[in-house]
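Here the chain labels run A, B, C, D and E in written order, and each chain numbers its own residues starting at 1.
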Amino acid sequence: LLAGFGPPPRAAELPPGRLATTEDYFAQQAKQAVTPDVMAQLAYMNYIDFISPFYSRGCSFEAWELKHTPQRVIKYSIAFYAYGLASVALIDPKLRALAGHDLDIAVSKMKCKRVWGDWEEDGFGTDPIEKENIMYKGHLNLMYGLYQLVTGSRRYEAEHAHLTRIIHDEIAANPFAGIVCEPDNYFVQCNSVAYLSLWVYDRLHGTDYRAATRAWLDFIQKDLIDPERGAFYLSYHPESGAVKPWISAYTTAWTLAMVHGMDPAFSERYYPRFKQTFVEVYDEGRKARVRETAGTDDADGGVGLASAFTLLLAREMGDQQLFDQLLNHLEPPAKPSIVSASLRYEHPGSLLFDELLFLAKVHAGFGALLRMPPPAAKLAGK
Amino acid sequence: LLAGFGPPPRAAELPPGRLATTEDYFAQQAKQAVTPDVMAQLAYMNYIDFISPFYSRGCSFEAWELKHTPQRVIKYSIAFYAYGLASVALIDPKLRALAGHDLDIAVSKMKCKRVWGDWEEDGFGTDPIEKENIMYKGHLNLMYGLYQLVTGSRRYEAEHAHLTRIIHDEIAANPFAGIVCEPDNYFVQCNSVAYLSLWVYDRLHGTDYRAATRAWLDFIQKDLIDPERGAFYLSYHPESGAVKPWISAYTTAWTLAMVHGMDPAFSERYYPRFKQTFVEVYDEGRKARVRETAGTDDADGGVGLASAFTLLLAREMGDQQLFDQLLNHLEPPAKPSIVSASLRYEHPGSLLFDELLFLAKVHAGFGALLRMPPPAAKLAGK
Amino acid sequence: LLAGFGPPPRAAELPPGRLATTEDYFAQQAKQAVTPDVMAQLAYMNYIDFISPFYSRGCSFEAWELKHTPQRVIKYSIAFYAYGLASVALIDPKLRALAGHDLDIAVSKMKCKRVWGDWEEDGFGTDPIEKENIMYKGHLNLMYGLYQLVTGSRRYEAEHAHLTRIIHDEIAANPFAGIVCEPDNYFVQCNSVAYLSLWVYDRLHGTDYRAATRAWLDFIQKDLIDPERGAFYLSYHPESGAVKPWISAYTTAWTLAMVHGMDPAFSERYYPRFKQTFVEVYDEGRKARVRETAGTDDADGGVGLASAFTLLLAREMGDQQLFDQLLNHLEPPAKPSIVSASLRYEHPGSLLFDELLFLAKVHAGFGALLRMPPPAAKLAGK
Amino acid sequence: LLAGFGPPPRAAELPPGRLATTEDYFAQQAKQAVTPDVMAQLAYMNYIDFISPFYSRGCSFEAWELKHTPQRVIKYSIAFYAYGLASVALIDPKLRALAGHDLDIAVSKMKCKRVWGDWEEDGFGTDPIEKENIMYKGHLNLMYGLYQLVTGSRRYEAEHAHLTRIIHDEIAANPFAGIVCEPDNYFVQCNSVAYLSLWVYDRLHGTDYRAATRAWLDFIQKDLIDPERGAFYLSYHPESGAVKPWISAYTTAWTLAMVHGMDPAFSERYYPRFKQTFVEVYDEGRKARVRETAGTDDADGGVGLASAFTLLLAREMGDQQLFDQLLNHLEPPAKPSIVSASLRYEHPGSLLFDELLFLAKVHAGFGALLRMPPPAAKLAGK
Amino acid sequence: LLAGFGPPPRAAELPPGRLATTEDYFAQQAKQAVTPDVMAQLAYMNYIDFISPFYSRGCSFEAWELKHTPQRVIKYSIAFYAYGLASVALIDPKLRALAGHDLDIAVSKMKCKRVWGDWEEDGFGTDPIEKENIMYKGHLNLMYGLYQLVTGSRRYEAEHAHLTRIIHDEIAANPFAGIVCEPDNYFVQCNSVAYLSLWVYDRLHGTDYRAATRAWLDFIQKDLIDPERGAFYLSYHPESGAVKPWISAYTTAWTLAMVHGMDPAFSERYYPRFKQTFVEVYDEGRKARVRETAGTDDADGGVGLASAFTLLLAREMGDQQLFDQLLNHLEPPAKPSIVSASLRYEHPGSLLFDELLFLAKVHAGFGALLRMPPPAAKLAGK
C-alpha cells in the first residue's frame, strides 16, 4: 500500500489547489529563494496594517480573532510561525532581516497576557514561567534562541538565560525527565520543544544544557512509546503514573520531527513504523491522510492535526513522496487563493492550518536550524 | 407485563444504536476489559487537549460548555463520571492508573468555584462545605474516598478527614437523620451519597462512622418511602415537616442503588414494587421506559433522569433484562457514533446522559467498590 | 345580557381547554381535596429541582426567567402564589405542611434583592421597607402573617412585628389614609394588601391595628371610587391631589376582592355595578371577558390583568356563573397541558397568568383565610 | 401654491388615519375638553404601571426603551411632553391636577443621570447645569416654571431660582447673547427655551430677568437669520464666529414658535417667508410637507423633525389650514390606533413623533401659557 | 496604455454616479466656490445634531459607529477630513470660518481616548505623544498647525509648540531619520505627515524645524524606495534593519503627495514610474484602478486604499486625466446620493472612502496650504 507511485508531479502537472511542486519546496534552500506561495504566505503574515499577525509588537490579536483561533491555541500559532520564519532566514539571506524582525514580534506577542492568560484563568498561578507550563515556556525559550540565532541581537538574551535556567533546574528537580504542562500533565511533544531550546541555547553560549537530553530520550523510549507501532502515547501523569492508553499520531509526528534535530537515529528508528501505523495512502497513491489514533479509519481526529504534523515530519525526514501525498490531501480542500499577492485559505482544515503548512513548506530541518550560520553581521539597527 | 421475553440478544443481533450487548457489559469484570464503546467513552473523557472533561486539573469547563450543561449540574456530571471511573479501575487493572488520574482531576475540578458557586450566588454563604449543601459535599467526600481507594494516594487524605468529620458532626447535631442540601431541603438521594461516603472512609481508616447509617435507613423507611409503591417521596423539609406529596422514580432509583451497597436487603425489599410502579415495558418486551412520578403515562418527566437512574439501579441489582430494555430505550435515539475512537451522542437524552450511561455500563456495584482490593502497590509517581 | 344561562356544565361537558368544572373548584374545601389540575399546578410550583419556583429559599429565579417575568413583576408573582397556597392549606389538611413550606420559601425569596431591587435602581433608596413602597412591603407583611397562620411557626415573627409597626406608623403619619408605592403614587389595590395584612397580624396577636381600616374605606369611597360605575380610579397622587381620570377594572377587582375579606358589605355594594361596567358576556353566555377601562371594547388592556383579577373577585364573591364564564375565556386559549403530572400553559395570557388562575381556583375567601383554624399542632420540625 | 382650498374637512369627512378635525383641536380650550385622541394620548402617557412614560418619578425609562429613543433625545421627549401638559392644564380644569402631577414627574425624570449623562460621557464635566448645556438646562428651567404655574406648588422653587440665576449670569457673562449647548455650539432654538424660561420665572416672581430678551432677539435677527427666506441658520460657533451655512426648517419653526410667546411681531414678520421657503403643499392642497433645508425636494431630512415642528408653529400662529395639511401628511402614515383607550402609533415618523403631535394638538400658545391663570387653590396634597 | 484619451468629459456628459466634472473640481479655487457635491459632503460632515462627525467637540463618535470605522482608523478619518477642510478654507473665504470651526472640532476629538486608546490597549504606554506613535501625533501636530493657519487662533498654540518640540527632539535622538509608529515600526507615509507638520509650524512661527527634512528625504530615497518602480517599500524596522520586501501603492501615493508640498522635484521624479508600476487604465481609457503591490492584477488590495490615495496624489500633481479616470473607478460603484442636501454613499469602497474623496476633490496642494494667506482678521469670537 505504501509502495511508491513514481516521482511527484512537475509544475505542469500541479493538481488544482496545489500552489507549488514538492520539488520546488525542497529546492528553496538551494535556490536561496522561497516559492511564490510562501512569499504570499509571508505577505499574509506581514502586509496589512493593524491586521496581519506580525504587524506589530503590541498586544493586539486581530489576526487570530479573524481566524477564530481559540485563546489557548494562539501560543502554538505564534510558535509554529516562528519556526517557519527561522527556516525562511536560512533559505534566503535577503529575507533574513524580515524573518528576524518577525521573530522579534513573535517573542513580544508571546509575552502578552492574552497568550498565556489561560494559566491564570485555570487557577495555576499568576506567573506563566516560574513552574510547569512547559507548553508555553518551552516555545518561548526556543523562540528566544532562534531570534538570537537569526539576528545576532542580544535583545532578549537576559530573559533567555533566565528562562533556560528555570527549565534546566526544573528538569533536574523533577523525579521524571522533563517538565509538565498543566500540573501532573506530561506531554512528550511539549518536552521536545523544551529540550530543543536547550540545544539552541548551547549553540549560542557554548554551554552544555543539552546533556540532559539523553536521560529524556531514554525515559520516553522506555515508558512512553509503543515500539511496535512507532507511536507515542497521548500523555503521562506523574502523580498516578498513568500513561493514557491511546497512541497519538500528532504527538508522535511533532515529537519525532523535533527529536530528529537532536538525535536523528531515534526518529529514523520509529519513522517507518509510524507510517505503517497511521498513514493511509489513497486516490491511487496521489494522496495520503493520517489517522490520529489506532483502531479507527477516520483521519485527523482529536485535535485535528495528525496530517499537518505528519507533513512537517515528512519534511524533516526528507520524505518527498509522503510530503507530496499529504499536501495533496491537505491544501486543495482548504481552497487557497492569492489575492493582491497575499495567500489566504477559504476553508482552513484545522486550528493551525496555515501555520503548519507554512512551516512544513519552508522547514530546513531542526538540525539545520541548530547549525544556522551567524548573520553576515549583526543585522543593522540599534 | 413485566414477564420475561427471553434472554437479551447476542452481538449478532445488536439493535441499531446499541454499541455492545448487555452480556458484554456484565462480563467486563470477568474479562478484565471494558467494551469497545466504554473505551471510546473513556477517549471522549480523556483524549482531546483542552477540551475533554478530564483534560486537566484546571478550572476550565470547556467540555461542559460544549454540552450546555447548566452550572448547577456540573457537580453531578463530575461525580457520576467519578463513580464510573472507580468501576473501570476494578474491571481492568491496566486502566486503574488512568482511572486514578481521572479521579484526581475530578476532585480538583469539584473544588473550582465554577462547580460550587451556586451556593454563594443563592445567598447561602461563601464556604460550600461548612454546613448543609450535602448535594455538593456528599459527592466531594465520596470522591475523596474513591480516589484513595483506587490509587492508594494520600494526596487528599487531610481534606477527606476534615470533610468526613464535618458530615459526621452535622448528622449528629441535626434533629433528623442526615443533612439538607439547600437550607430546609432534604433529599434522600443526596444523603445516600453522604452515608456511602462514610462507609468508604471507614474502609480506608478502620473507623466506624457508618454506624450512623442504621438510624438513617430507619428514618427514611418510616417517613420518606411509600412502601406499597416502593418509592421515595420527592423531598422532606424539616422546618415545616412537609414531605412533598409526589413519589419520584429518579430519587428512588438513585437511592436504592446506593443503599444497596450498604444494606442490600433494604433495596431488594422495594425493588420489585419500584418496577411495578414506574417501569413500562414496551415494543413487545424489547424496551422499557420509566415514568418519573405516579399518575402519568409520560416517561422521564421532571429532571428527565428516571430511565437513566433506573438503568443504574438495574445494573446494581444485577437485573440484566431490565438493563437491556432500558438501554434499548435510551441509547439508540441519542444517535451514538464513534469518531476517531471517541464516543459521542448527537442527541443526548438528558443533562447527564453520557455520564449515567457510562456509569451504568461499567458499574461493578457499590458494595464491590467498597470491597475494592488495594492497588498492587501505591501507583507510581510522587 | 348578564341574565343567566343555566348552571355551569358538568364534567362530562367540560369544554376543551378547561381542566375541571367550576363546581369542582368550589367544592374543594368541602371535599378537603384539590382538583387534579390544581395538584398539577402545585407540581409545577414544586417538582423540578433547581427550576420550580418553590424549589428553594435561595435567591435563584430560574422559574421566572423561563417565564420571562419582568423583574418588577416577580414580587406579585410570589405574592399571588402565596395567597393561593394559604387556601390550599385550608382545603386539604394533608397539604397544609407543604403549603406552609412553600410560604416559607415565598417569604425568603421576597427578601432577595432580585425581587425588590427596582426600588434601588429607581433611585428611591437602599431599604425597601423603611418608607413608601407599599407595593412591595404590603405583600411581604401579608405573607409573613399567612405563613404564621398556616404553620404556627414564629420563624418570621420578629420581622413581621417590625414591618407591621412600620406600616401602622406610616399610615398614622400620612395626611391621607394609606401608604404610597413609588413616592407620590398611591394605589388603592396595594393598600388593600397592606390593610389586610393588619387584620392578619391582629388575628395572630390580638392587637387592633385593623382599626385604621375604617378611615381608609371612607377615604377611598369618598375620593377614589366612581359609585355609579362601581369602579376605582387608576391612582391617586397626594402631592398634586390628582386622581388619574381613568377607571380601572383590574384595580377594582383586586381591591374589592381583598376588601371583601374585611368589610363584605363594601364589596357587595359595588360588585353589581362593577360587572355592568366592565364585564362583557359573549359566545351565547358561555364566556365573559373584562375591559380594563371605560370607553373601549377591548378586553384586558393596560397591564392585561382585568379578566384574571375579575376571576379572583368572582371567586371571592361566590359568583360561580361569572367564574365559569371567565375561566372559559381565559384558560383554553392558553393551551394548558399536564405533562408528567405537572401543569403548564403554552400561551399564558398575561404576566401573572398561572399565578392568578391558581389563586382563583383554590381561593377560600380572604375572610376565610382570616378565620383559618390553627394547625393541628405546630407543624413538625425545628 | 399656498392659496387656500377651503376650510378643513368636518368630522364626517375625516381622512383615514386622522383622529379628530383641525377645528376640534383648535376648539379644545373653548370647550374645556380635550379631544378623544388627546385623551387617549394622555392614557398612553399615564395608564400602564411601570411602563408608561409618566408612571413614576423613578429613574426608570422603560417607555423610551420601548420606543428606542436614543439617550440624547430623552431630554427633548420629556420636555415637549411637559409643554403639552401645560396646555392640557389650560384646556380642562378637571385635568389640571393630572397635568401638574405629570409635570412633577417630568421634572423628576429630567434630573436622572440617564437623561443628562451624555454631558459627562462627552467629557464636558460632571455637573449638567453649572455651565453651557443650555439644550438641557433650558428645558429643565422652563419645566420648573411651568410646574409651579400649573400647580402653585413651591416644591422646586429653590432649584428654579438657583438655575434661573445661573442662566441669567451666564448670559450676562457671555460675549454673545445667550448660552451654548456643547462648548462652542450655539443653537437659537435651545436659547429660545432658555429665554422663555426667564419670562415664566418673571411671571411667578415679579422679577425682570426677561429684560435680556431684547438683546437676544437683536443678535439673532442680525446674525443668525436669513431675512429673505425667513429662516435661521443651523448653528453659530462663537470661538470661530462661524455660522453654519445651511438654513434649517426645524430650527426656525421651533424658534419662531417660542419667540411668538415673547415677541409676536418677530415671528409674524418671518412666518410667511418661512412657509414660502420650506413648505410644499401637495395632494391637491390636502397635505403639506416641509423640507429641512434649502436646495432639496426631500421633506423632513436631517433630524427628521421639520414637518412636526412646523405643525407646532402653525398651531402657535393660529394657521388652521397649514396645521390641517401638515397633520394630514404626518399622522396617517404613522398608523395610529386606540387600543383599550390608549393611543399608539405603529410607525412613528420620527424620534419625537407622539411628543410633537400631542404638543401641537393641545398647544394653547406660549403667550397663553405665560398668562395662565393661577390654580383655583394650590392643588390639594402636601 | 497610459496614452491620453482626450480631455475629461463636460458636465453634459457626466457618467452616472459622478457628481461633478474633474474640471469643476480643479476650478473651485478659481471660482472661490466648492462644487455642489462638496457642499453636500460638508453637510454630511456638519448638519445632523449629535450624529454628524463634526457636530461637537465631545468625545462622542456616533458618526464613525454608523460607518463601522474600526477604532484604530478613526484617527486617520479625522485627519484626512481636516486636510480637506484646510483646502475648503482656501477655496471659499465664506467657508473659512466653518472650516476653522471644524478643524477645532477635529483637534478636540483627536485628543479623546477613543481615538488614541489603541496605544494603551496594545501595551505601549498611557501617554500617546511622549514617544513613538507618529501615526497619531504626526496628524495631531499637523492639525494643530492647520487650525492656526486657517483661523489665526492661538487656542492650541501651547500644545502645538510642545508637541512640535517632542517631534523635533525625537527625530534628533533617533539613529534614523524620523520616528516610528508602534515600537520598531517605521512608515514613510506617517513620517511625511510629521515633517510636513514642521513646515507648518515654521510658517506660523518663523522657526526652522523643517531643516530636518533634507536628511529624511535622503534616507528614504536611499533606503526605502525602489527607484526603478517609483515605489516605497511597505515599512522599515530599525531594530533588525529589515525593510519589508513589498512595494506599496498606498504608501507611495500618500508619501509622494505630502512630500510634493515640501520638495516638488522629489515627487515629480518618481511620479511617472509610480504610475507605470501601479496604475491600470481600463474601460477604453475612461477609468483607472491601482494595484496595491507588485505581482498582482488585483486592484486595491491590502488596506484597500491604493486608488483613493492615488486620487489624492493625482490631484496634488495636477494630473487631471488620471484624477478623472480614478474618480470614474471609485465613485459610481459606491452609489452616491444627495438626500436633503447631504451626501451619502450606499456602498463606500473602503474604510476611509468619503474622507479621501472629499480631500482629493478639494485639495489645493500641500504647498498651497503652506502658503495659505492669513485670515482677513482673526476670525470673530472670543
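FYI, contacts are C-beta pairs under 8 Å (C-beta built on N, C-alpha and C of every residue); 3 or more make two chains touch, one makes a residue touch a chain.
Here the structure is a predicted model, which means the values were calculated and not measured.
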{"item": "Rotational angle, Cα trace of chain B fitted to chain D, multiple of 5°", "value": "145"}
{"item": "Rounded Å distance between chain D and chain E, as computed from the means of their C-alpha atoms", "value": "43"}
{"item": "Distance between the centres, which are taken as Cα means, of chain E and chain C, whole angstrom", "value": "69"}
{"item": "Per-residue overlap in chain A, given as positions that touch at least 2 other chains", "value": "none"}
{"item": "Chain contact graph, described as a line, ring, star, complete graph or other shape", "value": "ring"}
{"item": "Neighbour-by-neighbour ring order, given that chain C leads and chain D comes next", "value": "C, D, E, A, B"}
{"item": "Interfacial residue positions of chain B with respect to chain C in the complex", "value": "70, 72, 118, 121-124, 175, 181-185, 234, 237-246, 291-296, 298, 300-303"}
{"item": "Chain E-touching residues of chain A, taken from the complex the two chains share", "value": "43, 46-50, 55-60, 94-95, 97-98, 100-101, 104, 112, 151, 153, 155, 338-342, 379-382"}
